[in-house]
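Both of the next two complexes hold chain A, though its partner changes from chain B to chain C.
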Partner chain A sequence: MIARDRNWLLIFAACAALAVVYPLFADGYQLTVIRDALIFGMFAASLDFFWGRTGILCFGHAAFFGIGGYIMALITLNDAIPFGSLLGIVGAVAGAALVAAIIGYFLFFGGIRGSYFTIVTLAMGVICQQAAVSWSSVTGGDSGLIGIPPIAFDVGGIHVDLSQDLPSYIFVASIVAVVVLALWSISRGRWGTVLTAIQDNEVRAAALGHNAPLRLLVTFVLSAAIAGLAGALYVCMAGLVAPDLSGLLLSTEVIVWVAVGGRGTLLGPVLGAIAIQRAQQTISSFNPSLWPLLLGCVFVIIVFVLPDGILSIYARLKGLFKGRRQAQ
Partner chain B sequence: MSDVLLQAENVGIRFGGLQALEGLNLTVRDKELCCIIGPNGAGKSTFLNVLTGTLRPTSGSVRFLGHDIAGLPLHRIARLGIARKFQIPSVFPSLSVEDNLKVARWGASSPLRPVGELLELVALDSRATTLAGQLAHGQKQWLEIGMALAIEPRLLLLDEPTAGMTPQETLATAEMLLRLKGEFSIVAVEHDIRFVRALNCETLVLHQGRRLRSGPFHDIETDEMVRDVYLGRR
Partner chain C sequence: MDFVVTTLLNALTLISILMLVGLGLAISFGLMNVTNLAHGEFVTVGAFAVYFVQSVGGSFWLGLTAAPIAGAVVGCILEFAIIRHLYSRPVSTVLATWGVSLILQQGLELSFGLGAKPVTPPIEGTFDLFFTVYPAYRLILIAIAMLTLVGVVLLISRTSFGLDIRTVIQNREMAEGVGINTRRTYAIAFTFGAAIAGLAGGLVAPLAIVLPQMGVNYLANAFFVVIVGGVGSIGGLVAGSVFVGGLTSVLNYQISPSLAQAIVLLAAIVAVRLRPNGLFNGASR
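Coming up: the complex of A and B.
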């Protein structure tokens, strides 16, 4: 195992241990805050899986989060549909994946890359948000849909009810851990290496027999499916869904979380999302209008000082001390 | 004939008002080695792009194992058994040398050579863990040849494989290709006459998009017209 993988697993294990002991010290409110931040962390990891591995930025990733959220809400709010929670999750994941597959097919096989891809996905996000506002008979318009029930299902005769803080925290933390670990395994294996090769030189990769557009499409679809899952979980925990969840602001925020955490690290974006969410709540309680200004400044500072994100602090400090020792 | 691998017949290509290639024929047989030479602007790289299916000829046809390959996606052409080395060294700079070769093997329909053998073949066994972006220019060229070999091609097309190499590296590359001769067909587009002389194979000379001469290199080298147009007189 190479040192980079070992370090990643150590950080992951430390985060997992922290997540396990956190309920011992936190009250119910704090648990729900971290639970929601973890969901946004998974959403950030989904963007990082695509952006970090392919180098192509999707600027409308919140569209998939919103699609997942709305599908979950529509299924669980319909009493006629049995197994609402499970079907809702499956529908949310499938719906987000289907939309990504349709859009991605035309973009990737049409040769759209780089900033053109970013602009098209930005437009996609705007269209999704507008559709959520305008299609009010289904989506509830500006005010969205409220009263979405918490996730509840039966497994092997055991009834799982996630209406309480602790069970919902454990459920979300477990899913986030599994998803991040799975994405990391994919990223470091053959699939991820070929994606890095495609990012480096797509024509070369194709000339070696790799179907680059198909690989990019599958990665995009998987990334969107996880964003859809995050959206589905979030609306069940929050109890409501609104057009903002598929909007430009959330799409921008998730990019900031990934950039601050460290693009291409998967764990960094989760930590970035949690850190920024916590900071937002603390700062907004003093002065609500101060937050966007501070967030912008933090983003600019991170880009200049730590372009590889907060997860690179350790490597930078190590390099600094090594350089000093060599100088002495 | 049954051992014909690649057949280009009466190939012509026009870019707007410019007739870049006209009436070119080339037959590459199984396990044959041949070179395409010519002065700058003769159409060598354009012809190679047509042979690899990257450019569609405006007249004539290119068939590989009986298939018309013009306009096919690059990965399908590679899977048919055509490997290509580009004019500018084209490797994956953020991957190690070893991973570059692994990625190449994964693209093959049936890879045979292990990575270790490929590393030895292109004399990069001591640089396996080095990032490809950190290699010297000549080593990048060799790595790219190794990547092309990794897909177990039936036909290897090399666009100026020795560009930017030292004389020693050029001769080492020629020796490498001569060692590989007989395993698959090789077509090399080259400027460096020392390299072509070392290969001493069937050679097609292009001039202004047309065939000037073709035949064994020792006949080409002494041809009056080729010397006038391209090689020069000593």
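Coming up: the complex of A and C.
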């Protein structure tokens, strides 16, 4: 096992241990705050899985989050559908994956890469939000849909009910841990290696027999499916769904979480999401319109000062000390 | 008959605006390979310039003169402060310009307050076009846009500065080799594109809802124009604008605007799949 993988697993284990002991010290409200932040963390990891490995930036990732959320809401709010929670999650994941598959097929097989892809996904996000606002007979328009029930289902005779704070926290934390671990093992294995090869030189990777558009498409669909899952979990925890959940601001925020946490690390974006949301709540309590302004400044600062994310400070410091030691 | 003419003129209005906004984008995105997500804010700044001039008692025409200047100033600052440092880092350019776009939006909101800003057109009333009557201001808008486009074509194809731009775009190293200051050429071309977008914002201000967030719709549509039309030629710009603007205005008659937007997006994606190099450019390139 190479050192980088060992370090990643160590940090992952430390975070998992922290998540396990956290309920012992936190009250119900703090638990729900971390729970929601973890869901957004998984959303950030889903973007990082695509962006970090392929180098292609999706600027409308919240569209998939919102699609998952709306599908979940529509299924669970309909009393005629049995097993609402489970079917809702399946539907949310499938819906987000389907949209990604359609758009991704045309773009990747049409040779669209880089900035072009970013722009088209940006427009996709704008349109999803507009659709959520204007298709009010289904989506509830500007005010969205309220009264979404918490997740509840039966597995093998055991009744799982997530209306309480602690069970829902445990449920979400386990799903996030499993998803992040799964994404990591995919991206460090052969699949991730081929994606890196495609990012470095697509023509060469194709000449070696890899179907580059198909690889990119499958990665994109998987990333969108997880974003849809995050959206579905979030609306059940929050109890409501609104057009903001598919909007441009959320798409922007998730990019910041990934960029601050460190692109390509999968764990960094989760931590970035938790940390930045804490900051956002504090700042927004002073003045709500200050947040987008600060967000804009964060973008510019990241690009010029910290292109590899917060975690790179550690690596830089290490490099600094190493350099000094060698100089002596 | 008058229905057809009205639809055509509405389409022509939108196409003219898209051509002006897309022109700057075609320069920065298509030719310099800079993805500037703050391009929509040049339109916003232009529209706010007209609003500001009118609100302090100036005429619309004075405002329309100020609009491209405001766009150029913002574009010039952006180029100097951010974009020129990131020519070799495309993803960073996307992030940084998006940050600037957020800062500009919130800055405008903080300084001018919430809510839509009223802008009055210089001429009220309609013009009798034999087939139909049509708002006079929209005809003026189309005329100014067309004149601007012709001016730009002449500038690029007939002047020595246009020759510099074309040289730098074709081969930056070679252009430097023959003594052209490529940094300066890029900066001027970028500022020029921003000025045209500001002019578009000023022109559209009396027709549109002037908000700090208005830029993003023009941004998305202008990118479609450039992507669908293909980069590198005025013909592609016109073809892309006709495609996006024409489709949007025709669909707007039948269905809700956001559904129309979604269909235009899908059509643009399919068009790109079928003609990856743009509608106008041939298959070889």
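In this section, the second predicted complex is superposed on the first by the 322 of 328 C-alpha atoms of A that agree within 3 Å, B and C clash if a C-alpha of one lies under 4 Å from a C-alpha of the other, contacts with A are read in each partner's own complex, and residues count from 1 in each chain.
In this section, a residue touches a chain if its C-beta (ideal position, glycine included) is under 8 Å from a C-beta of that chain, and two chains touch if they have at least 3 such contacts.
Not measured: the values here are computed from a predicted model.
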| item | value |
| --- | --- |
| Chain B versus chain C as contact partner of A:S134, first or second or both or neither | second |
| A:L320 touches, of chain B and chain C: first, second, both or neither? | neither |
| Which of chain B and chain C A:T118 touches, first, second, both or neither | second |
| Touching partner for A:V126 - first (chain B), second (chain C), both, neither | second |
| Partner chain(s) touched by A:V160 [first = chain B, second = chain C, both, neither] | neither |
| When both partners are placed on the shared chain, which of chain B and chain C touches more of chain A | C |
| Touching partner for A:V298 - first (chain B), second (chain C), both, neither | second |
| Contacts on chain A seen with chain B and repeated with chain C across the two complexes | none |
| Residues of chain B touching chain A in the complex | 73-75, 77-79, 83-84, 86, 90-95, 99-100, 102-104, 106-109, 147-148, 150-151 |
| Residues of chain A defined as touching chain C within the complex | 55, 57, 59, 103, 106-107, 109-112, 114-116, 118-120, 122-124, 126-127, 130-131, 133-135, 248, 252, 255, 259, 289-290, 292-293, 295-300, 302-304, 307 |
| Footprint of chain B on chain A - complex, ascending | 190, 193-194, 196-197, 199-201, 203-212 |
| Complex contact set, residues of chain C against chain A | 29, 33, 35, 37, 82, 85-86, 89-92, 94-96, 98-103, 105-107, 109-110, 216-217, 219-220, 223-224, 227, 256-259, 261-262, 265, 268-270, 272-274, 276 |
